[in-house]
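You will see subunit A twice below: alongside subunit B first, and alongside subunit C after that.
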Partner chain A sequence: MRSLLIAKREFFTAFDSPVGYVVLALFPALASALFFVLGPLFLVGETSMRDFFSWIPWLLVVLAPAIAMRIWAEERRSGTEELLLTFPFQLGHLVLGKFFGAWAILGVALLFTAGVPLTLELLGDLDWGPVLGGYVSAMLLGGASLAIGLYLSACTSNQIVAWLLGVVVLMFFNLIGGAATTSAMPPSVGRILLSLDFGEHFHSITRGVIDFGSVAFYFGVMAVFLCANGLVIERRRWS
Partner chain B sequence: MSLAPASKARRQSRWTMLLVLLLVVPIVALINQLHWRVDFTEEHAYSLSPATVQMLEDLDDRLQVKLYFNRDIEGAETLLPARLVIEDLLNEIERRGAPWVSVETVDPTTDLAAQRDAEHVGVQPVELQSQDVGGFSASLLYQGLELRYQNRSEVIPFLTPNEFEFAFTVRLAELQRAQRPVIGMVSDEPLLPPQMPGAPRQVPEGRIYEQLRVTLGQRYAVRDIDLSEEGAIASDIVAIIVASPHNLSQAKLEALDRYLAEGGHVLVMQDSDYVDPATQATELRPTGLESWLASYGVAVGSEYVFDEECVQITVRQQVVNGELVGVRAPYGFGLLASGQSLVKDHIVTSQLEQVAMFWAHPLWLGALPAGLEAETMISSSAQSWLLPGDSPLEMSEANIKALREEAFATGPGKPYALAASVRGVFPPNFDHADLEPAEGLMVVISNSELFHNVTLGASSSGNADFASNLADWMAQDAGLIELRSRGKKNRPLLDFASSYVNSHGGWTEDDSSNEQLDRAAISFRRSRQRLIAWANVLVPVIVVFVLGMLHRAFHRRRARKTFQAGSKS
Partner chain C sequence: MSSSSAPASNAASGVPAASSAAPVVSVRGLVKNYGEVQALRGVDFDVPAGSVLGFLGPNGAGKTTAIKILCGYLAADAGTVTVCGLNVASHALQVKQRIGYLPENNPVYTDMRVEDFLRFAARARRLRGKAVQQGIDRVVVQTGLAEVYRRSVGQCSKGFRQRVGLAQALIHDPELLVLDEPTNGLDPLQVVEMRALIRELGQTKTVMITSHVLPEIEALADNVVLIHQGEKVADGPLETIAAEHGGRLPARCTIACSEEQLQELLKDCQATFLDQRHASFASAFEQVQSAMVEVDGPEGLAALAKTAAAKGYPILELTPMGGSLESLFQSLRSGGQT
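What follows is the complex of A and B.
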């Protein structure tokens, strides 16, 4: 409950500055532009959102750190972090609250892309299974990306540094299972790298198959980085 | 010595978080091993069908599956998600077939022994050309499968992801069966000459159902049988196809009658004429089955069904925008059964997209003898009419126009049955000694050109799938029917150009107006696509902007009120 209070505050604070609005407008606009304007939708003539979802991991590489960058770094820069840590909240509530707030912003940004499947349904016979899978997958991938972004935001007081580090780390997780990386490794190492690849799990769910292994992977990443986030804040609290 | 409260809380917090970190990895690994999943796709395209699961559960010996597969192909990375479906389904096959199924994946591009094995069993790579900075490069794509069960093996040289499960299940069925089921073929076609060693077999010109034999031959042994011979219908025959015979003799009819009365499965392609697909020349050809079929309440009319849901044929060439294009016209005798015309409650037709029928006749189902039940499988559309059996069939523009006018003049259109099944205990039409009655099945199609080499050769029509579905149903392999159609559903986008042309009265005979209409349709399509694209890009931006403005106005108003309240106090 306390986490939700923090999440609510975090969510609405994001819209006190233009950054929240920019993210909210940019995400659906870019996703739609890549799909409708630059993508081969009308050329192929197939009622499918496969191409739409194929861009999502790359959009999240840029936008998830943009949502997360200010969350801890801004508190630290403006000196409100110390005050926040004296509030009667457990550290877990703080970390989860901030995470849920950021996740809600991403959820709203994804909600603004709802026009895409609705348009396709008007233009043809859309299979809603992969669409549902795609959105679930985007939320999970977004959650994992935000957890990483939050951890990096907690590590620095500079938002730009937090964003840049976020982009680099997310790029790493999106490329780790690619042909260029895995082919240079022994097969067993390649398989491990592939199982850590964000895109691999993402595409598995966007087909319309909710694979609990992939769901567990994303929640695992969230848990690891939120715990790491907590440890960083914890260390600072007592230092 | 006790710890200070701050230090204790700090340690507690650290330990909790470290514990979570340590638990996450094994929990995720464990859930990954369980392979739990939910398939939300409309056709459950990524889940095994009940037919495959049943076969895997029926295994009583070890099934070794070897997948020859290379994941990383330079220049073909976009193919990977579709290709991974194969690995995904094989994982499920291994899980459902445990402990009998073992799956091994080898990469012949990195493993020399696997490359030799692939060559040995007949798994061939596909060569992919890609262009890069240094010029063209070629990559090999391996996607084959070998199945070993008991002392036999089956190979799929190249797997298509969409048809993987069907191909796998068919091969598995082959391995589990002692021998292939046989389909008997009764027709008046010339027999194949004996095979000469080292020489390709010459197919005589009149073998008009050779393509049907090839299609069914993927799953069955197709045997030409002469019903007049003693013992022609052997016990290994699971179904008989009677393909447009000519004056079937009484002896043959008696054999067929006995077979059906004793529980046989018969497909009859019956009409009173044969039309040459190339020349549309008609030859009257009474089959001799007319009165026999009538005794079961089935009759095939001599008229032709003329349908508005039909193929478009090129009737002449004309110049549009400087290019020579064919002018197409709807040929009502080449009807295309789709949607409502393919009965969705019937297992054979429920998954079919389309069946093409040229020069079909109406099928009349009258009063059936007690114990028999009839079910329509295919009918023409509601916009169809009957034209006399002596109507000219040429595919010329003038004839098509005259036929349409003649059809429309006969009154409102209505659907006509074109294929139906009759099931039950068939009362014999002849006296048979030692007859053992049993429930039989007869399918009647009022069109003998349906499975003609020419019609089956047209890959776009679903006739081949219809033929295979019928054979599977009659051979009691209904589970395969559902599998065959999986993943084949087309989901085309609305074609704005076509809808524009249709809403403006369609193509005419005037070249210049067609040219204008074509230009306008293309322009309409472009404008609609642009509108859709930019509406999707800009609407969220505008909505966010408006919300931002409202949020700002709300905050300013609240701040002003607070300020006014403060100054009053």
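What follows is the complex of A and C.
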């Protein structure tokens, strides 16, 4: 419940800022445009969202840091971090509250893409299993990306720096298991790199089969970076 | 976070009640380093229940660091801080619940409306149900926020924004109110209003207020703790400290006389030159001397005026410099008080 108070504040603050609206408008617009305009939908004549979801990891590389960049960095820049940390909150509640707030914003952004499957349903017979799997997968990937973004936002008081670092780190996690990287490595190292690749886990879920290893991977990334986020804040008390 | 050592609970906040006999704040051997810089070097002081304590020191003395440790924002490298008998390090949440804190520069969420910000602060301070609205209604009256209640915090004037900061600190009716430089950046009228508000609050609460402005502390505090370069240099009532350590009063004087006559005048009044500002110039009078001098308190100043008048030297200016904080600290430190 204590986290919910923080989550609500983060969520509604996003709708008070122009950046929030730009993010919420841009993400569905780009996702839809990439799918309908650049994708092969009208060439293959198949009502599937596979191509739509193939763009999601790359859109999240930009979107997740954009949502997360403000959350700690702005508190620190404006001094409200001091106010927040002297309220009787446990640090875990603050970290989780901010994460859930950011995750809810991402949920709304994904909800705004609901026009895509609804349009496809009108055009033909859409198989909703992979669609739901895709959205679940996007939320999990988004959660992991946001946890990284929040950690980086806690490391700086500059939102732009937080965003840029977030983009770089997420690019790294999306490219790490690519053929260009793994083919240059010994097979055992290549397998480890592939197991850390965000896109690899994402696509395994979007196939419509819940892969518990991938779900656990995303929750593991969230746990690691949220703990790191808490440690960064706590460490500042001692510096 | 254990609260097993804390006594029974208070209805409004669900927080354990404290013993009234002990000081509300007790600080012992407080040490804090920022890398190589020693911000606090073993500071000790108490804040008696029901008093207004002025925490006084020049900028960079360590006041804000001590306050941040007391409020749980920073961790101490050594020493203990107890608030209402609870150790800040081991009972952080309970201590935070008992403190109302207005940080320096008053950080507030400028994107929120005053009403929403106070509601958020109330819930953050663990108020529930009807207590939330009751708390808001009380502080809106107390701090005079009715006219900006529905306005965005960012659209409020600096004075109102400071009141919003004070309101959030008061919303849970805390036992201890900690105000870090509460009049910083306010215009003179707002300073007067804020001081009146703090004086009123000081009648019912234990208040700890930091400032680098001596008259501010003189106007508000019963007792003061003077801190300089991370060390406590004195504590007690300000008049006592000033009488014991800071009897000499700097003053600016401009008198129509020759330099020799001024020196003779100062000698007669046991005043001394603070000669760096001494200037001699001609004006409508034949010769005018302008100098910073040091006299024996207000009586010495009166004696200087009286003697100059008796000698027939027109006084063009005689301004006491208000016992500057720096000169008081210089006096305290040169007297070996640490």
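In this section, the second predicted complex is superposed on the first by the 237 of 239 C-alpha atoms of A that agree within 3 Å, B and C clash if a C-alpha of one lies under 4 Å from a C-alpha of the other, contacts with A are read in each partner's own complex, and residues count from 1 in each chain.
Heads up, the rule we're going with is that a residue touches a chain if its C-beta (ideal position, glycine included) is under 8 Å from a C-beta of that chain, and two chains touch if they have at least 3 such contacts.
These figures come from a predicted structure and were not determined experimentally.
By the document's definition of touching, of the two partners only subunit B reaches A:Val37; subunit C does not. In the superposition on chain A, A:Leu123 makes contact with subunit B only, while subunit C stays out of contact range.
Taking subunit A as the reference, the larger set of touched residues comes from B, when subunit B and subunit C are compared. Contacts of A:Leu24 after superposition: subunit B is touched, whereas subunit C is not reached. Applying the stated contact rule after C-alpha superposition, one finds that A:Thr86 touches subunit C and leaves subunit B untouched. Of the two partner chains placed by the overlay, neither subunit B nor subunit C lies in contact with A:Ser188.
Overlaid on A, the two complexes show subunit B and subunit C touching the same residues of subunit A, namely 16, 237-238. Residue ranges on subunit C touching subunit A, taken from their complex, read 1, 34, 68, 71-75, 93-94, 96-97, 99, 101, 103, 105, 107-112, 120-121, 123-126, 168. Note for the complex: subunit A touches subunit B at residues 15-16, 18, 21, 24-25, 28-29, 32-33, 35-37, 41-42, 45-48, 91-92, 112-113, 115-116, 119-120, 122-130, 132-133, 179, 182-183, 195, 203-204, 207-213, 215-217, 219-220, 223-224, 227-228, 230-231, 234, 237-238. On the subunit B side of its complex with subunit A, the touching residues are 6-7, 10, 13-14, 16-18, 20-21, 24-25, 27-28, 31-43, 45-47, 71-74, 77, 81, 84-85, 88, 491-495, 529, 532-541, 543-545, 547-548, 551, 555. Per the touch definition, subunit A reaches subunit C in the complex via residues 5, 9, 13, 16-17, 78-90, 237-239.
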